[in-house]
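We call the chains A, B, C, D, E and F, going by the order they appear; numbering starts again at 1 in every chain.
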Amino acid sequence: MKVKVSRKAHFNAAHRLYRQDWSFEENEATFGKCNNPHYHGHNYELIVSVTGEIDPQTGYVIDMKILKDIIRSEVEDAFDHKNLNIEVPEFKELNPTAENIAVVIYNKIKPKLKRELELEITLYETPRNFVTFTGK
Amino acid sequence: MKVKVSRKAHFNAAHRLYRQDWSFEENEATFGKCNNPHYHGHNYELIVSVTGEIDPQTGYVIDMKILKDIIRSEVEDAFDHKNLNIEVPEFKELNPTAENIAVVIYNKIKPKLKRELELEITLYETPRNFVTFTGK
Amino acid sequence: MKVKVSRKAHFNAAHRLYRQDWSFEENEATFGKCNNPHYHGHNYELIVSVTGEIDPQTGYVIDMKILKDIIRSEVEDAFDHKNLNIEVPEFKELNPTAENIAVVIYNKIKPKLKRELELEITLYETPRNFVTFTGK
Amino acid sequence: MKVKVSRKAHFNAAHRLYRQDWSFEENEATFGKCNNPHYHGHNYELIVSVTGEIDPQTGYVIDMKILKDIIRSEVEDAFDHKNLNIEVPEFKELNPTAENIAVVIYNKIKPKLKRELELEITLYETPRNFVTFTGK
Amino acid sequence: MKVKVSRKAHFNAAHRLYRQDWSFEENEATFGKCNNPHYHGHNYELIVSVTGEIDPQTGYVIDMKILKDIIRSEVEDAFDHKNLNIEVPEFKELNPTAENIAVVIYNKIKPKLKRELELEITLYETPRNFVTFTGK
Amino acid sequence: MKVKVSRKAHFNAAHRLYRQDWSFEENEATFGKCNNPHYHGHNYELIVSVTGEIDPQTGYVIDMKILKDIIRSEVEDAFDHKNLNIEVPEFKELNPTAENIAVVIYNKIKPKLKRELELEITLYETPRNFVTFTGK
């Protein structure tokens, strides 16, 4: 009997969408105002979902306190109030689109979970735009 | 590495649930106050989700500006501030239930997307009632 | 010691914004697509707020069950799944803008409350547009 | 053509997380402040989702009024304003974690639905913690 | 130039509405299912609003970190995961209605603020019911 | 009969909280991680509320299309996807706290409204922190 348990979290960050190997004009054509060289920013809302069997002893799939601590150390401490392009090593060479941020978060959290647990990352860049990554 | 990207939109419309080939009493029995011949209406909240590979060049599954434009032309321009039964051709003979509206929206947006992209439509008729269609 | 207690409710309705004594062109110029003669509609979200002294016996300003019943009989039964222009007598000659609907709701609920209670009506026409009326 | 239709509902309840066959210290170590012997409580928000073919006659997967009545009798009447540990028979011996409550709700609603309909239960214990169960 | 700054917080608690000096029947007549002697519970959502002049040095009315710490020590540590009737001294003899809880929170936070700051407490007992107290 | 009409809008921006005439250590002590010299960012949610008499001709306090256009030109075009410290002239010497941003928005919108209309600005810096300014 598998249940998916989800935990919401959030972080604020500045970012700029662009490729260093493209000209400013190429970046402007593709990324528009997201290519602002002075950066803009978002309140990122995050949902981390873990799917697994209910432990018959505790009634938990995973202790939410453990999941909360993993999210804090892997995501909030690493990304909150940061400039993603400059201060977060994963985005030194990777464009910090919502899609790529979700994949990076997935790759940071997955190794902290027991192997049999499945992971899904949903990331809201704005209340109107969001992405979901399940590792597949 | 497939990611699902989602975009929210909304439109307001009037509608009436009924079948023209049923008597008023039959419609009343099945559709209750939704069968009001003077119409009622909703703020429809829409989530359009597109699943595909991340383009390694841009970090995008699909440029949100493109998706936003497709939603505007196919859904907002066609449905917003309209009477669905009278003014939207797809519902001339089709009962505009949330289920049927979601299928119609799916069928309008799908051909505008690259063939390899999967599409999912979630439509809130009210904050408490919503439907999801994935084309399957 | 005065406390304001608030209760949320909702109703769905069709409406059209226009004046019967204006030409179609005049209505179109002022009300745009809200003047659609086939009507459009909304999920109206309503907040009814009542301010008064806390009853030291009960700890209540007003019993929420009483307030809920007043909202049901005065607003939900009267407006829900209706065409405001055609089926609600108050709007036979009054343009059903959010402003006017809020005033009508205020005038319907106020006489049902004890005289010493103050009333405030907040009405969301859409999640982005709302109005507040305090009777002043 | 399968569509998933979802209906939101809610109930308020008190509960305590613990195992009767564990010592207070063991419960404290695992369940922390959720093990408060005087209980604490939540506003549980529930989403019941039913997946099936659209009935070509009505345009419905399931009449929402029927689904609403099932939720009322099986969940709201049984759980609302109750102490889950003491007053709800299913939790006499079962720890009322969000995971277990979702499974119990699934097992209560599933037999009330036509056999060909699939069921999914999403339960928010708080706005930040929620679980999803699909019966698999 | 006065600005009102607001901070959201939340706590979960069990409670029962009743008066010890009334019979069970009297309590039942007034408080209905909220009088359940086994308790029920809520996720209380709290908005603490502080109004004052903007400090021209910092651009702050009050440092949000300070306000957050006051809310934590005065409200969250005192009420979260508690049974309000049994474990919170203020409600030993006071019925824990939303109105009374808001007044108690006001009285706990007000002395921690600089005298010239005004305070407003908004407390959601459920997403549909909430109260506001400004100390007047 | 005065009604308050409100319109929601939003913009994304990067900012840094600090005073140029303070040392880094002084800024760090007061503004903590908001003083990050590489900037961080937010999705700012804005509510613009205008209070005035209902025009008996139209039933409007103000045409929402007019208000929407004022918000677009004065706020969205000026702030969206910008670095507030570097690119928005009002914050060249003024610390872009939520309080100060709200006052700046008030001062930009007020002269665009008819003199007899009152204005209130509510600005969410995050879903948990927000400020309100009424010009008094």
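By definition in this document, contacts are C-beta pairs under 8 Å (C-beta built on N, C-alpha and C of every residue); 3 or more make two chains touch, one makes a residue touch a chain.
The structure displayed is predicted, hence computed values, not measured ones.
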Note: chains that touch subunit B and subunit F both are A, C
Taking each chain's centre as the mean of its C-alpha atoms, which one ends up farthest from the centre of subunit A?
C
What's the call on subunit A versus subunit F, same or different interface residues, using the half cut on shared numbers?
same
When the C-alpha atoms of subunit B and subunit C are each averaged to a single point, how far apart are the two points in Å?
28
What is the distance in Å between the mean C-alpha positions of subunit D and subunit F?
42
Of all residues in subunit F, the ones touching two or more other chains:
127
Which chain pairs touch, all of them:
A-B, A-D, A-F, B-C, B-D, C-E, C-F, D-E, E-F
What residues on subunit F touch subunit E, complex-wise?
17, 19, 30-32, 94-100, 102-103, 127-133, 136
Within their complex, subunit A touches subunit D through residues 1-9, 49, 54, 57-61, 63-65
What part of subunit D is in contact with subunit E in the complex they form?
10, 12-15, 33-34, 36, 38-43, 45, 80-83, 86-87, 126-127
